[in-house]
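Below: a set of structures, written as structure tokens.
In what comes next, subunit A is part of two complexes: it sits with subunit B in the first one and with subunit C in the second one.
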Partner chain A sequence: MEQEKKILVAGGGPGGLETANTLARMGFKVEIVEKEETTGGHLKEWHQLFPNFRDASDVMEELRQRSQHPNISICYNEAILDVKRVNGHFESLTSKKRIIESDAVVMATGFDAFDAERKEEFGYGVYPNVITSVELEKMLREDGKVTTTDGRVPERVAIVHCVGSRDEKVGNFYCSRVCCICGVKQAIEIRKHHPETRVTNFYMDMRMSGQYFEELYRESQERWGVYYVRGRISEASGMMDGKIRVKAEDTLIAKPVTLTVDLLVLMTGIEASKTTKELSKKLEIESDYGFFRPRDRHYDDQHSPIDGIFLVGTAKGPATVKETLADARAAAQRVWEFFESKNV
Partner chain B sequence: MNYFDIFVIPFYIGTIFLFSVLIIKFLQWFIQIPKSGKKLIWKNIFSTKTLKSSRECFSECLLHLRIFRKNLRLGYMHTSIAFGWFMLIVVGKFQSTAATGEWIEPLHLAIFLKYFPVGESFRYAYLFGFLMDFFLLLVLSGLLVAIAKRIRPKVTGMKRPTKHTAFDKVALVSLWAIFPLRLLAESFTSGLNHNGHFLTGTLGKFFDLFLPLDLLQYPTWWAYSLALGVFFCVMPFSRYMHIFTEIELVFLRNWGLKTEDQLGGFANFELHACSRCGMCIDVCQLSTAAKINDVQSVYFLRGERHHTLSRKLTNNCLMCGRCEEVCPVRIKTNQHRLLTRTSPFETEGHRYDYLQPPQAPPKGEVCDSTTEQEHSVTTAFASHPPFRGGLGGLSYFAGCMTHLTPSIKTSMIKIFEKAGIPYTFIDEQDGVCCGRPMMLSGAKEAAQKMIAFNQKVIEESQAQLLVTSCPICYKFFKENYQLDIPVMHHTEYINMLIQEKKIKLHKTAEKYIYHDPCELGRLSGVYEEPRTILKKTGILVSIPDEREDAFCCGGSLANTEINYAERGNIVREAIQALCAADPDYLVTACPLCKKTFNKENVIPVKDIAEVVAGRL
Partner chain C sequence: MNTFGYKMSAPRSINMDTADLSVAHRILDLEPTFRLCISCGGCTSTCTAGNFTEFNIREINLLLRRGQLDTLEKALENCMFCGKCYLACPHGVNTRNVILLMKEQLQEWKQSKTTTL
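And then the complex of A and B:
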């Protein structure tokens, strides 16, 4: 089938790519506008995916290959700044001062990882051996070696969960949903690469809601010897030898505890990306925390309150890769239905 | 001559009742003052402090100069009523003495003189007549402002006047009725007798044109006497109790009394000296930013006085001290709040066991006992780890909040090292909270445990000088610990290092706004040192709301009632006011203020220690 309608997709991460891939196969002309120099979003920075340690690059490759389609064109290093509705179609202004005309717009503008410096008590940006989960993933992706700043393999690693999520003090009440399982996955990966390294997770709750998550959590303890302490870290302080001393309360025994580690990993949460925040505000379709607001959270989750503007993946709130891809296909379906109903 | 009429009886009933109640209450409160307080009184009663108090009574209880300085129209209202009424009584007394030739005469005569046939021929009758009319006019003009304030608070520059109870409204109405009734009664009599001065005489002549004055005169005097009687009867139970209590308060305070560790006694004088003027409402950030308008000092003190305190009233307060600063009677409300607070989680099982010296070895395991021991975390720090560095010099206590903002701590270490000062970092590892947050939340026992622990740590470090980075700890060390060594906040210490030329700072063109932390500024009186330091590193811009008038950052640990949204509004209001001058940095001297401001992500916030460490 051939369509004369053109769709603009803002963002070339997994959500944007898969929406475009599906739309292109439905016959729509799709233009993806990606703010970075390659597509892939946060997925391209990831090493392996939970819960089955599948290489992220496999998924990435699949997505990119499918996007080699005559109906898809991709512009790089360009961001959408504003979207206006003019006589039933859309005119979008980009950072290159270009106006893109389209019949519908898909917002796949995604998330940013929480800026860990905002939780100063964890010492990120003050002590070099305090890193984020994104940085740990980068180490794992590059050569699988996890090291401290002076190149040593750490004897002990602590992983702190809920950094910037479920935290009233930074104004983020919500759960980022992916960090618990990601922490489990990364703990196992550290143990796989460095069996001598001891890993302790400090958590509030371990939320293992996805399929096979609970199994992985169990495996991490039984097979890989990962430790879990229920209690948020209250503070981290640097020692003279570069080690980090963390203080927490073990809430299961109601006692303050301390632990000295070589590396402290902060599981930073998901926040609406800068573009998501700006566009949702400008278009007045923002929900809490700067994410986009769908028309109906159950039945019409992919359509924004504005006719012809569609929403995909983490632009609406925390989601896993798997959920984002499913959401992308649902969004494409919604776009098709939108034009069908108009033709009738 | 007969100077009595039956209509003065209500006045007498009111007066006798009022003074009986006053004497009973004052005696009761005086007895409650502990021995140490009474000793202070005897020590200071025959000193210049008594003279000073008399002067203060005149300038504050009568002239209300402090209110004048804050708000001209409100000052006029208070002064005209208080001073005018006082002068009516004083001049009235002299007038009646002049008229009768007697110094001792019935009490009512000075009040109702015009009704009685004393004639116009006594000495200075004209002057007395003029003065009495003048002061009555003064009171009436104040009354007009008071009525206007009730209808439209903005007229007097107030945003929200106090919401009064029904009983206080009765008192208010009877007070308001007194002076117009006096005006009418005197005018009617003057109209009948064809005398009176510029006010009563003129009005008398005017009323005589169309009113049957001979019929109206007598009931009006009755009404005036009744209004006085009613007001005097309700006065000791209403907010007007402040009129007499303020005077006692001024003397007692100048003799050195204050509310310390118990309510009652002196605290009662403070409580009843609150006139519920409501000046504390408009400066309260809970009101201006978070739209909470029923917990301010005026309502808290009312609740404490009438035993109707709720958890909300005692706990919904930042204890920033802004209201104490603006209070015309200078009531130290924070101490009252502190004493009325009780913690809902006081001694819960063995929560603080970790502070006790251990029975068994101090290390405990939390992980599964079958696992390798080195995986486990260590519980408890019943005995602090050995100090790094030498003992017996400067002991540095960073404080919990500083540990949560580690760049302040690393800056301080850099400064100590640059100045070549040996220091003992006494809470580097496993430090325990100073205890003030627990005290503020009402958990007094817990606070005492922490005080005991830290006191021991400080002693064991053989400190000659204690420096802390946290104003909360600073205030608590100074006031609640038994330390016989000097305690300094790092602003004071850094300033000393600069003066002693131990460190030298490079000046830049950076523009700073300095935020006075409540605990360091208003509550501890340190204003100059941070400013002196900042002027050496950059350009310090001054703003209207600083020093005593500085905003609270909103992060205060003292308030356990407000929610995060309300707190956020307070923080943003403060940042907006602070950043109006568009500085490069917002500088503060409290890790909690820094943390609170930083969360909003509006402007780079630095602690003064970081600024200094960056300019060494």
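And then the complex of A and C:
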């Protein structure tokens, strides 16, 4: 069924792509505006996905293939700066000073990983062997080998949970929801590639919030021998030989612990992306922490308070890839209903 | 001659039915940030006293909330008020003030107990 209507999708990550793919198959014309030179968002930085180690590139490929649709056009290296409603349709200004006209807008502007330098006590940006989960993923993606800056396989690795999440000092009270399971996944991957390496995760709560997450946590202990210490690392100090010494309390024994590691991996949390923050503020539809605010969190989670502006995925808050894809299909459905209700 | 019998030990368990939470309530009202503690142990990890003595600053929150006031009072003697715990806390609990308040409130509590006797 061909539709008259045209929809602008801001952001070509998994959420934006899947919304566009669904809308295109419903017959709508879709224009995706992606700020980078390729689509895929953070998914293209990832090696394998939790909890089943599916290749991220496999999911990526599927999304990209489905977006090769005559109803979809994609513009790269371009960002949406502002959206205005003019006589019942939208005029959106882009960074290339173009005005894009559309009948609805979908915000799929996503998240940024927390900037680890803001948590000075972990020494990110000061000690080279302190890295983020994103950088570890890059190592795993490139050759599967995890190494320190001088190219050695680490004897010991510590993984720090909740970096930039659940932290009043950086203004993020919320839990990022995906980093616990990502920490478990990455610990297993290190052990798979380097069975001699000892991996210790420092956590405050292990939040296995999705299906099969708890099983993976169990597998990490049973099969891969990952160590878990319940306590937050209070500081990391660099040693002369490039190693990192961390201090925490093992709260279950109620004693301070220290551990020297070759590599310290920070599980950086999810924050509203710069574009998400700017647009949600400009359009006055922001909720806490700069994410977008849906109309109704139960019944209208994909529609913003403004008629015709829809919201998808991590632009609203932390979400997994699976949740984002489901959300995208729901958003497409909402767009369709929106135009249907207008026809009545 | 062999004597059989049972030796009774006092139960180790904390009786939360009879625990005195009055001091806890007062301190939580006077320093509301103390309600935000999630027992992560960042404070204990960095605590100067805790690295050399049995003092565990994370535990004082629990001792207070379980009405273990005698144990709490003894534990507090170790704190040197250096305030490093305050810097480490991810939830911005004003730990230094908490300890100060505990010392004050425990004194008052003891006095009120003797005067009512």
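The definition used in the following text is that the second predicted complex is superposed on the first by the 344 of 344 C-alpha atoms of A that agree within 3 Å, B and C clash if a C-alpha of one lies under 4 Å from a C-alpha of the other, contacts with A are read in each partner's own complex, and residues count from 1 in each chain.
Throughout what follows, a contact is a pair of C-beta atoms (placed from the backbone, for glycine too) under 8 Å apart; a residue touches a chain by one contact, two chains touch by 3 or more.
None of the values given here were measured: they were computed from a predicted structure.
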Superposition on subunit A - do subunit B and subunit C clash or fit: clash
Which of subunit B and subunit C A:127 touches, first, second, both or neither: first
First, second, both or neither for A:204, with subunit B first and subunit C second: second
Which superposed partner A:251 touches (first subunit B, second subunit C, both, neither): second
Partner chain(s) touched by A:238 [first = subunit B, second = subunit C, both, neither]: first
Contacts of A:225 with subunit B and subunit C, given as first, second, both or neither: first
Touched partner set for A:194, first subunit B, second subunit C, both or neither: neither
First (subunit B), second (subunit C), both or neither touched by A:168: both
More subunit A residues in contact - subunit B or subunit C: B
Overlapping segment of subunit B (options 438-446, 492-500, 510-518 or 582-590) - the one that collides with subunit C in the superposed model: 438-446
Interface residues of subunit A shared between complexes with subunit B and subunit C: 121, 168-169, 234-235, 247-248, 250, 254-257
Subunit A-facing residues of subunit C, complex: 36, 38-47, 50-51, 56, 58-59, 88-92
Contacting residues of subunit A [partner subunit C, same complex]: 121, 162, 166-169, 204-205, 230-235, 247-251, 254-257
Residue numbers on subunit A that touch subunit B, as the complex places them: 118, 120-121, 123, 126-127, 168-171, 198, 200, 225, 227, 229, 234-238, 240, 245, 247-248, 250, 252-259
Touching residues on subunit B, where the partner in the complex is subunit A: 349, 351, 354, 364, 366-367, 371-372, 374-375, 377-381, 388, 400, 403-407, 409-410, 428-430, 564, 568, 595, 598-599, 601
